[in-house]
Amino acid sequence: MVLRQIKTLIKRWFPTPVAHAHCDGPCGVYDPATARIYTEAVVSMTRKILDLQPPADQNPQAMATYLNTMSRYIQIKEEQAQKAKEEILILWTDYFKPQHLEQYPNLHDMFWKAAKLCSSCKVEVNLQHAEELLAAVEEVHKVFWATKNRTDVSWYKAS
Amino acid sequence: MVLRQIKTLIKRWFPTPVAHAHCDGPCGVYDPATARIYTEAVVSMTRKILDLQPPADQNPQAMATYLNTMSRYIQIKEEQAQKAKEEILILWTDYFKPQHLEQYPNLHDMFWKAAKLCSSCKVEVNLQHAEELLAAVEEVHKVFWATKNRTDVSWYKAS
Amino acid sequence: MVLRQIKTLIKRWFPTPVAHAHCDGPCGVYDPATARIYTEAVVSMTRKILDLQPPADQNPQAMATYLNTMSRYIQIKEEQAQKAKEEILILWTDYFKPQHLEQYPNLHDMFWKAAKLCSSCKVEVNLQHAEELLAAVEEVHKVFWATKNRTDVSWYKAS
Amino acid sequence: MVLRQIKTLIKRWFPTPVAHAHCDGPCGVYDPATARIYTEAVVSMTRKILDLQPPADQNPQAMATYLNTMSRYIQIKEEQAQKAKEEILILWTDYFKPQHLEQYPNLHDMFWKAAKLCSSCKVEVNLQHAEELLAAVEEVHKVFWATKNRTDVSWYKAS
Amino acid sequence: MVLRQIKTLIKRWFPTPVAHAHCDGPCGVYDPATARIYTEAVVSMTRKILDLQPPADQNPQAMATYLNTMSRYIQIKEEQAQKAKEEILILWTDYFKPQHLEQYPNLHDMFWKAAKLCSSCKVEVNLQHAEELLAAVEEVHKVFWATKNRTDVSWYKAS
Amino acid sequence: MVLRQIKTLIKRWFPTPVAHAHCDGPCGVYDPATARIYTEAVVSMTRKILDLQPPADQNPQAMATYLNTMSRYIQIKEEQAQKAKEEILILWTDYFKPQHLEQYPNLHDMFWKAAKLCSSCKVEVNLQHAEELLAAVEEVHKVFWATKNRTDVSWYKAS
């Protein structure tokens, strides 16, 4: 029922067969590897933030060093989570087409979840959410390469 | 059926009632007005691009002036459509929560359509798609303020 | 006297009647609403920063969470104040023309004050200055729409 | 008269003697040299744009090369003029204080003119305006270093 | 001889064994895959630029469509080449350490060449240089993973 | 020996005499002054960070003010060091050509050192490294202007 409604809606938006890609840019060079790299950085930074020891006393120089390191870790976590989010959303809005939605009916939810996890990783210092994000990106990786019938691209981590 | 699956998935991701916003930033200051302003610029730029006359001959200075103006129009269209897309996606990923999806089951499609129209407005010089984007943003405006029970915010255009 | 000097200067810079807009981009789509939204975020973030409680002891994880939240609030305040400043200055440098200066002789001071308040809101954690900035933006809103003879655009807040 | 009004306004905004700088960032490291460098690039790019010859016929490869070069020149002119504008406005909003306005009553107009010239240099391909901008930046250079009683910083051009 | 001078210089800069990484950010998450993806986009865009046919006549709408597509291709080529350059330089300045230079004495030249090729790919529409850049990135990929003793990361292309 | 290898390599990359500049943008407007200004800001911010006193107790408002100031100082240090790095690398990758390397065989090391010092200034709060960076930029300034046979550009500091 709902699927049919979605189909009808999609037909209305894209009246002719989508022969030309409506992509943002250079078709064919999408690769979820970038989202994976950013997410690995989020995991790594979350760990480092949790491990960093505050100085024993309020010594100005010790505080300066502690806060410099902490601020940079937080800032890098923020940026990398934001970039992961952007890469994930580019795939959703530009690579994936209505025909993929028919194949993967939970496509929207998969991406909504992944994007919301990116935001969680910014708002919190939460290793579990960072690792859930990495798992979500791995899922995206699998679906993506499956739609391209590519079996030669294995999942690996740089860290 | 599909709705139930979605619900189950959502329950798994967000096990406790989402009392604290998982938003990216300053809760309560979301406003689709920014997306509307960017989209108005897209409409305006699309019109100006279509109206610009190429020089009658290949005179270097006339070509330089024509291309300077044209390049800037195209660049502004590109930037504004990109910013509209970002604003639209911030609402989707950060403002809207699972309970809104229950209320508006076509939420994902509404945003997917709007985001894809932003990309179309970049790829093409197409006044119809620019105006469909403005209509899509108006729809987002209505749903957004409805979820906040605000009836005092009227839809207007700056141009 | 000074007014006359200003006029003479202006005449020298813009020898012919300014029939074509010297604007940066898409004429007709200026809207102080963006500056208002950014400023609302500054007010909101200033409040949240002042309300945030440091952890009772120097527990590493509690400090990490506190500093993650605090850093993000400060960063968002910074960004939003910067964006408010940019929007305000675009209006001053691109929308407002010499004829508006004749109508509003304190135009320069109004904008200088507003821009300086943006900087204050970055440098300080000062709720009074944040609210003065919001008032300054409301003043800009009024002058702006008055110059366009638009009476249908009411001032509202999203938060 | 007007001067007095301005003074009164300023007093109201800044009730105590401004002992602490309300600057955006690292006080003491302002230097109009950056605005000068960006403006030199605008002058250089404007010249190159005007000198570039369109291809004799519509040969695809010749057109591609011509448009690649032209687009880059236009884009660089745009960016450099934008950065010159930002540097100029940082000086106006953050370095210059009310006491400077008393010393240089045409301060606001000097900066308004310079900022508007930046916009003109973007909108047009106009060597005269580019050179007027360079002269305006030289004027800013002189006033700036005079307020710091520095006589050792000479005006030079990199190109 | 020269090698010895270099060694001496390096010893002077880094007097103690470099036990702590002087990296810019999240150690261990470097991955040349990003540079590869950006470079693939440069190759793809160069091809598309060379293939795009100018309109037969100066019809305004045909010109608008042609220039919109061409401008976007050029802009994407520019951005992706710039990002490839940034990724390449992060590896050179932050990942690679003096001990790697001893192992790979042509390290500096390898990176200088790669960075200069990025600039060439911006300045020109030159498929040969784009492909040379891809080869240079593949070389970086090999050296990088060799220094990490990782043999499981194979070179693949997304396009 | 090594010099000869380098020469051979260079000849292979750039087979014809490099008559046309392979620069990124507006040739002739390079100026190390920008790197110097950014570096002065890094020195200034490092000093301010080291001088800032933490509040005596954990009073929320005092902590908020302290962290707002500290975060901004750290952020400005980060940004300015990053911009200094970018300016330095633009000179290395775009201004300097193989013939300069023959003249200055330690060119690569000079720039590698300078770029690595930028990263150190981000990672640490270290006044000595900040001053070493300023010295490195002064060295770049001297080499740069020497290659242009300009003796009229003196080294000065804005702060």
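The chains carry the letters A, B, C, D, E and F, assigned in the order they are written, with residues numbered from 1 in each.
The rule is short, and it goes like this: a contact is a pair of C-beta atoms (placed from the backbone, for glycine too) under 8 Å apart; a residue touches a chain by one contact, two chains touch by 3 or more.
The structure displayed is predicted, hence computed values, not measured ones.
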item: Subunit C and subunit B - chains in contact with each; value: A, D
item: Repeated interface matching E-F, over half of the contact pairs identical, chosen among B-D, B-C or C-D; value: C-D
item: Averaged-CA centre spacing for the pair subunit D and subunit A, given as whole angstrom; value: 40
item: Whole-Å gap between the CA centroids of subunit C and subunit F; value: 33
item: Cα-centroid distance, subunit D relative to subunit F, in whole angstrom; value: 23
item: Shared-contact residues (touching 2 or more other chains) in subunit E; value: 67, 71-72, 75, 122-123
item: All touching chain pairs, where touch follows the definition stated at the start; value: A-B, A-C, A-E, A-F, B-C, B-D, B-E, C-D, C-F, D-E, D-F, E-F
item: Residues of subunit B that touch subunit E when the two form their complex; value: 49-54, 56, 67, 70-71, 74-75, 77-78, 122-125
item: Residue ranges of subunit F in contact with subunit C within the complex; value: 58, 60-61, 63-65, 67-69, 71-72, 75
item: Residues of subunit A that touch subunit E when the two form their complex; value: 25-31, 33-34, 37, 40-41, 44-45, 48, 72, 76, 80, 152-154, 156, 158-159
item: Of all residues in subunit A, those that touch subunit B in their complex; value: 1-3, 5-6, 9-10, 13, 22-24, 85, 89, 92-94, 105-106, 108-109, 112-113, 115-116, 118-120, 122-123
